[in-house]
Each structure stands twice: as structure tokens, then as C-alpha cells.
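Shared chain: subunit A. Partners: subunit B in the first complex, subunit C in the second.
Showing the complex of A and B:
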């Protein structure tokens, strides 16, 4: 059984929830787009149900709620330091199936990789509850079905928007009491079963093929096309890379703060080591690294799934119209070509 | 061929004398350089029915019909009444008669680059602005050359017009969204004035004095850390001109003015011209009128009744650099100096 809420009723619910929860959802920022008179949709706190953007994919992903682009992790003076504080309220995040699946990968990297749980991630993540935004149509840049990220059961509540307002189902007993008293209406959440774009997910059979793929001419086009701006990785719902930067307070060089700031493997200098050595010096190198990471390396390391969830934000945000799914298809073709040549 | 043609009268009807006796060229205004493509059929019809079959793209973005016979002028004037009605009266809200061709010389069309309906660099909708400016300057026997550019690239070559209007943006830096990649620093250095630099903590510092408001930083930022303020701002260049005697590039008269301010200023041009020419319209470059009155008088009259927005700045004085095709062309007997204002 679900609950039917009109927008005013949903606003009232949001108001009541705010004692215990901060509500985050895709929100419209008018005229803050990359180009003049274009808007942007990104995650931010919402107070009213109507602020939630449904008819457009958010330009940036929900990961920013848990791991913001810039985050102070601790403050220091001479020989002391103090961890930054974080809120006490729970976070209710409105997001789609692909985004929830993306959090699985975020969790894997921040909480499991290397056997150490990242406290700065965990202290926020523990307070997160998902509200699944039903998504049955998608957009032209979506390919979640191909990546197997179109479904999920990991949510406290699910919500559908229709002409009569919002329809919720609330499987989480912690959240359910807040909905009691609203009109009941049957609701079973649906998932998208087909995207406009289908991706052939390639399997790389062995290391020899992988090494040949790395040298394949298919990557060369990105030296002309990719400008290494990093828009794809900032928007990506699964990218987790960050760097640390110390901010020393100008007036007192003995005090300051350490920050975590999002980093991008696509930006030149990302892999620059002490002594100046870099592994990937061209746009093609960096692109190859990203694509293989998302649809090969991650799975090779962790097993179950590819890292990419097919949210398509990388393609949608790319100022040079480089399509990630089209690139995966090109890679699949290249692998076939390599394998066929080996057989001969 | 015995002809008795009042050239001046025809000129004021927007017909330009040809070197071929008895032939004239029509110059049709396209305010803002964009109209519905359906009008092209009309222009083609005029060219092929009454013209010599050719079509010329006017140097000020007019639609030119060369080779029309003197005796066909009334027929063409009759035929273009619909065009005038739709383009001048309906599209631009111009108040004018349309049944006898153009009521005055129309060749000083308000030109505009494509603007932000298409261009990724433009900062405003140039067509919209052109359509608001058109009724302020047309039809009038005091002519003005105006060109609108969407950004400081000035593809509209406002630098060589009486008034060059350049769209600029006040940028907002979202410190917490910045990943410190340096794309904006590079873009600003390469395409603009190089006012951006890294701070010690890998964020961006800006020398606001010299920012030209192009918005390149927002265009290249992968994280949406630079956005444009929703209010549109303009730089107004004055006094630019081509010509045989002393061509020169326009200089900044106003910077960071809003649309309201701009429209009021341009609305003052008629009064200024009438005063300079003592109500005797002459077909002269606006820059010469400014020269005759002197910049201080120009500034005083153009700013009459204008309430400047808080961000606005005004040139205290202007030092044009002219290309003098004859040395000391300006150094002439005092009695030969052009006079501005009331004649005895």
C-alpha cells in the first residue's frame, strides 16, 4: 500500500520531517548553466516538494551530498588538530535507481577498498536514507539498462510523480510512521526496462587482449576531441577521486585546515608524482584510463559489477559531445577485432 | 534616356542610386540580423521580378535588391508593405507608415551577431535587444550605426560603429564547487585578459578591475563553479567609424550598464543629434556628431534622465586614436571647424 499526497500535503510532510531529516533533491538553479540563459540542476536542500526537478536529469550527481566537492576534514594549530563537525540530522536524498546503484560503488571505494572505512564519508553516509524517484522513461543519454543499474531495492521510500501529486511507498519502518494518516492508494514502483541507447558491454578475455586494447588506435581520436576538462568525472555518479589541500590561514601560518577537494583523472597533472613523472600525458591516455576503469578495471578488482551505472551524466555534461556509451561500443568493436586477429 | 529623378527623395525612401542610369537598389532592414526565413521567399521574388536577378548581402546586414528600374519602384514599395508591417511594426513595435516603402533611409540597420539563442559564448539575446532598440532609432532622419555583439569577442564589430553594444556578464564564483583544475585560468589567459590565478590553497583569485565579463570561465568550468549573474550587463562603445578621412576604433563610453540604462541612453540619441545639427538632419557618422559637440557635451546629453545602476561606470574622457590618411587633417582654420548646437 502507498500514500497519496498532494503538493501542499507533501510540503506539510517535508515540514514535519525537517525536525529529524534534511531533505536533498535535484533542484533547479536558474541561469547558472554553462552557457548564457541556460539552467542547471544539482543536488541541494529542498523545503518544498515542488522544488524537486523531475523533468530533467540532474547535471551533477547525488554524490555531492555525501562527499561535497570541497570539504574541510580537520582544523589544525601547531601541535593540535580537531576533526570538522558534521550535522546530526538524517539525510533524505531523492534520487533515481542508477544513482542508488552508484552509491554502492561509492560505498565500496570509501568504506571497503584497502580494508579501511573512510570516517569522513561514513559519518555522513550512515545518516543517509534514499527516496527512490521512479524513473521509467529516462533520457537520451541514459544506458542504465545495459549496465544492469536500472533496478534497486535499496530505498526507504519510493515516489512517483503524476498529475495528482506524489505517490509514496514507504518500506522503511523508521520512515513509515511519518506518512501515516495520509490517503492510502496502491502503489508499486516500476523501473525502466529499455533505454534509447543500448551498449554492448565488452568482456576482455585476458591480459594480452587488454594490453593490445591499450595500444589500439581507437583512443587516438580523443587527442583531437577531448579537452581534458574533467566535466565527465565531476558529474559522474561513481567517480570518487579527491585530493587534499591545506589552507593555511593568512594571518597565522601556524593554523589552518585540511580539505578534501574533488579531483579528476581527466585533468592534466592528476597523476603527477614527486619528481614530475606522469603516467598519462595525453587526452587519449586519460580517456582510455577512465573508460577501462569504468567498464573493466573496477570489476576486475571487486568482482560483481562494472563501476559505470549508465546514468549518462558524463555524456550530457561533455562540452565536446563525447558519448561515453558510444565509446564503450567502440571499445567492444576494438576488442572483437583484437580477438579475431589472435585467432588467425 | 531623358530622366528627371529626384535622387534625394528616393534616397530617403531607402533607394540607392546605381551607376547604371535609371536603376536603384533597395536596402531592406533586418533589425538584429535575424528574421523568419519565410521572408527570403519575398526577397527572392523582388529580386527576380523587379531586380536584376541578383541578391546582395548588405554590409550592415540589410537584404539588398540591386538593379530595380525607376519605374518599378512604386510596385516594389507596394509589395514590401507586408514585410515592413511584419518586421518593423509587429516584430519591433515600430510606429510607421508602411504603404509607400521605407519612410527614411534604412541602410543603417541595427546589426547583431547570432547571440545567445545559438552561440555558446554570447551573454545575452541580441535579437531581443535589437528589437527593443529599433523603435528608439527608426524611422528617424537622424541616423545611427549600431551593432550588437553577444560577448566581448565583438564579432558584430561594434568597435567600428557609432554605438557598439557588447554583452558582458558579472560572474559569480562558487568557491566550494571549485576543483582547482585551472581551466578558467587558462581560458582567461588565452581568450581574455588573464585576470584569474591560483590562490595558495588551489582556489581562484580574480583581479576584478580588468575582467571584461566574457564568461569564458563559466564556459570551461567542469564543476559549475563559475556562473553568470542573471542580470544582463553591457559595455557601450562609441565613436567608432570607417571612412576615407579618419577611421578609428570606438572606445568605451559606458561599462556594466543594465538594459534599462542602455535603452534610456540610446533613447537620448535623437535629441542629441537634433541639438548638434540644429534640427537639420544630415547623413553623417555619429562619431562626427560626438566630435562636433565634444565628449563632455555628448556625455551630458546622453546621460540626461538616466539613473545609472550601481555597477555602472562611465568614461571620464575618451582618447580616440584615429588613422589620419592625410597628416594633420584636423588642423584647419578655426572658421572651418564644424559647429554644434543652435546656428545663428
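Showing the complex of A and C:
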């Protein structure tokens, strides 16, 4: 059974929840888009249900709530390190199935990889509860169905927006009491079953084929097209890479902070070591590195799923209109070609 | 909560000037890393960088650092008595059990001598650890020679070939380390040997090819990788190659794995 809330009722619910939760959702920022007179949708705190943007895919993903583009991890005073502090409230994040599935990959890297949990991620992630935004249509850049990321059971509440307001289902007993007393109405979450675009997920049978694929001419195209700006990785719901940067305060060189800043494998210098040696020196090298991570390397390491969830934000944000799903299809074709040549 | 990326201060006991560009920093510590592991060296307000342990003993540990980056440049202004922040040890070191009792061949170039230095010292100090050591150690030129006192000691204990890339210098061979590998008496080892290759990426690549030419099986070869790292605990992503994280599975790899790791 679900609960039917009008917008005023939802606002009242949000107000009550705010004692215990910070509510994050995709929100419109007018005139803050990349081009003049365009808006942007990104995650931020919302106080009222009407602030939540439903009719557009958020330009940036929900990952920023837990691992912001830039965050202070340590403060220094002279030679003392102090860990930065974090809030105590729980975080309620409104997001779509692909984004919830993306968090599974974020968790793998930040909490599990190497058997070490990252403190700065975990201290926020532990407080997160998901509110699934029902998503049955998607957008033209979506390919979540191909990636198997169109469904999830991992949510505390699910919500549908229709002409009468919001319809919630609340499986999480921790959250359910907050909804009690509202009008009950049957609600079963639906998931998208088909996107406009279908991707052929390639299987790379062995290291030999993998290394031949790395040298395949298909990547050369990106030397002409990709400008190595890193927009794709910033928008990506599963990219986790970061760099650590120390800052000294202008007025006092004895005080400063250590920051964790999002890093992009698409930007030159990502692999550049002290002394200047670099391994991936072209846009084609870097594109190949990213694509293979998303649809091969990650799965080879962790087993279950490819890293990419098909949210399509990378394609939507690319200033050069490089389509990620189209690139995966090209890669699938290249792999077939390599495998066929080996059989001969 | 115990934060794995929180660096801890250690007093600098000594700073040894190896060359104009390379200093060895000895810090006070009870930590006992594996041979070939690395630490993140951290300077508050400057940054962090991964540096391999170049030697360690009772109560101390050494890092040999080349002044080539923002953090390393700043390190060179430190004095004995100052504090150096470190966190670690990280990664997998040389496979001690695989090497024990075998004939050991070490091919090292430039700063690549650092990650294998403590292991060579172990071989020199414990004659029973390996059957024999063949050491090929190369530097660019006379000004780049590291660990001179060790080199002298090692020459007494091991079959050692010391070479400079292009400079002719008394007591030194001339030519890249690659050109000297064939001088190692592999025929007399039977099946009972292991080869360590460590140095700049290009050097390791060509040494690998040379070993192949000499018929050395890949599984007998061990290498150590150097990559950019920010966290050293498998989070930041900089050192990843395919499904492998150099900070976690490396920096030491068997060549059967390493030869397929194309960045």
C-alpha cells in the first residue's frame, strides 16, 4: 500500500522530516548552464517538494552528495593534521534506478576495494537513505536497460509524480512512521523496460584480445573529436577518481587544508608521474582507458556488473557530441573483428 | 575512527646526499615493511607522493628521493630533527619465499635501485638466503650514481656488473643494463633462479624483451612498477591498469602478469 500526498502535504512532510533528515534532490539552477541563458539541474538540498525536477535528467549525478567535486579532508595548522568534520543528520536522496545502481559501484571502490573503507566516503554514505524516483520513460541518451541498471530494490521509499501530486511507497520501517496518517492508495513501482537506444555489450574473451583492442584503429577517431575536457567523467554517476591537493591560506602560510578533488582520466596528466613520465598521451588513449574501465575492467575485477549504468550523462554533457553507447557498439564490432581474425 | 590516509609524523634522523638530485632520508620508526613496499610521504601544505623504502633496520627506515616534483622539492629543504609525515607501508613487495634458496639475478637502473636495495642488503648480510647474486646495476652517468658504499660492499659479495649508459669511466662498464644481461651464467643455474628487473618503464620493457631472447621463462621474472598515485589504498584510480591496481596488487608483479599490463 502507498500514500497519496498533495504538494502542500508533501511540503509538510518535508518540514517534519527535516528534523532528522537533509533532503537532496535534482534541483533547477536558472541561468547556470554551460551556454548563455541555459539552466542546469544538479543535486542540492530541497525544502519543498515542488523544487524537485522531474521532467529533465539531472545534468550531474547524485554522487556529488556523498563525494563532492571538491571537499576538505584534513585541516593543517603548522604541522598538525585534523580530519575534517561532517554532519550528523541522515540524508534522504531522491534519485532514479540507474543512480541507485551507480552507488553500488561507488561503494565497491570506496568501501571495498583493497579491503579498505574510505573514511570520508563512509561517514556520509552510512547516513544515506534512497528515495527512488519512478522512471518509466527515460531520455534519448539513456541506455540503462542494456546495462541492466533499470531496476533496483535498494530504496527506503519510492515515489511517483502524477497530476494529483506524489504517490509514495515506503518499505523502510525507519521511514514509514513519518508517512502514517496520509491517505492510502495502492502503488506498485514500475521500471523502464526499453530505451530508445540499445547497446550491444561486448565480451572480451582474453587478455590477448583486450590488448589487440587497445591498439585497434577505432580509437583514432577520438584524437580528432575528443578535446580531453573531462566533462564526461564529472557528470558520470560511477566515476570515482580523485586527486589530493594541498592549499595554503593566503593570509597565513602555516595554515591550510588538504582537499580531495575529482580527477578525470580524460584530462592530460592523470597518469603523469613526478619527473614527467606519462603513459596515455593522446585523447584516443584516454578515451580507450575510460571506455574499457566502464565496460570491461571493472567487471573483470569485481565480477557482477559492468561499471556503466547507462545513465547517458556523459553523452549529454559532451561538447563534441561523442555518444558513449555508440562507442560501446563500435567496440563490440571491433572485438568481433579481432576474434574473427584470430580464428582464421 | 582509524583513518587509513591520516599521515603520522616521524623524526628525520639523517639526510644523506647521494647525488645533486637525490637525497636519502632516514626516519625514526619501528615499522618493518616488506622489501619492495612503499609509503606515502606527506608534507602538510605541500602534498603527498609515493616513495619506495630504500632500506630499513632496527628503529629506522630510509627513502631515497629524487627532486623532481612539488612535494619532493619541498622535502629537500628539510633538516635532520624535522618531522616527515608518512603513511604505509603499501603494496606487495618482493616475493621472499619465491626467491629463497635460488640464484638471484637483479637488473636495476637509476632510482630503480632503491626498491631493491634493502633486498640486496639482506642477501649480502645473510649468505644462506640465496645461492648467489648476479647484480647488474646501471646509471645514466657518473653524476647519477646512487648508494656508492653499498655498491662497494655488494661487489665483494655478489657477481656485480656496474655500468653507465654512455659515459666511459674507470671501474665502470659502458652501455645500457640490457646489453649486460647475457653475461649472467644462466646455464649454470639449471632451473633454480629468479630475475628481478626494476627501473624506468622503457628499461624494464627492453630488459623483458632481452630475457625473452635469452629463453628465460616469464614466471621467473619479477618487476616493480612506478605509477602516479594519490591515495595508495585503491580509491583514487590513478595507478589502475585494466582490472589491476598497482598500489594494491603491485608495485611488484610477476612478469606473467606485468607483460600484459598495457596502460
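Details
Everything that follows uses one rule, which is that the second predicted complex is superposed on the first by the 343 of 344 C-alpha atoms of A that agree within 3 Å, B and C clash if a C-alpha of one lies under 4 Å from a C-alpha of the other, contacts with A are read in each partner's own complex, and residues count from 1 in each chain.
Everything that follows uses one rule, which is that a contact is a pair of C-beta atoms (placed from the backbone, for glycine too) under 8 Å apart; a residue touches a chain by one contact, two chains touch by 3 or more.
All values derive from a computational prediction rather than experimental measurement.
Of the two partner chains placed by the overlay, only subunit B lies in contact with A:229; subunit C stays clear of it.
When the two structures are aligned on the shared chain, A:163 is found in touch with neither subunit B nor subunit C.
Touch criterion not met for A:126: it reaches neither subunit B nor subunit C. When both complexes are overlaid on chain A, the residue A:246 reaches subunit B and subunit C alike. Of the two partner chains, subunit B is the only one that A:262 touches; subunit C does not reach it. More subunit A residues lie in contact with C than with the other chain of the pair subunit B and subunit C.
Using the contact criterion defined above for the overlaid structures, shared-chain residue A:40 touches subunit B, although it does not reach subunit C. Within subunit A, the residues touched by subunit B in the first complex and by subunit C in the second are 243, 245-248, 263. Only residues 29-37, 40, 42, 59-60, 68-70, 229-231, 233-235, 243, 245-248, 259, 261-264, 267, 317, 319 of subunit A touch subunit B when the two sit together in their complex. Within the complex formed with subunit A, the residues of subunit B that make contact are 116, 120, 122-125, 150, 167, 169, 175-181, 183, 200-202, 215, 218-225, 227-228, 230. Within the complex formed with subunit A, the residues of subunit C that make contact are 1, 3-7, 9, 43-49, 66, 68-72, 83, 85, 200-201, 226-228, 230-231, 233-238, 240, 242-245, 247-248, 260, 262-263. For subunit A in complex with subunit C, the touching residues are 73-74, 76, 78-81, 83, 109-110, 113-114, 116, 118-119, 123, 207, 210-211, 214, 240-248, 253-254, 256, 258, 263, 265, 270-277, 279-280, 289, 292-293, 296-298, 300-301.
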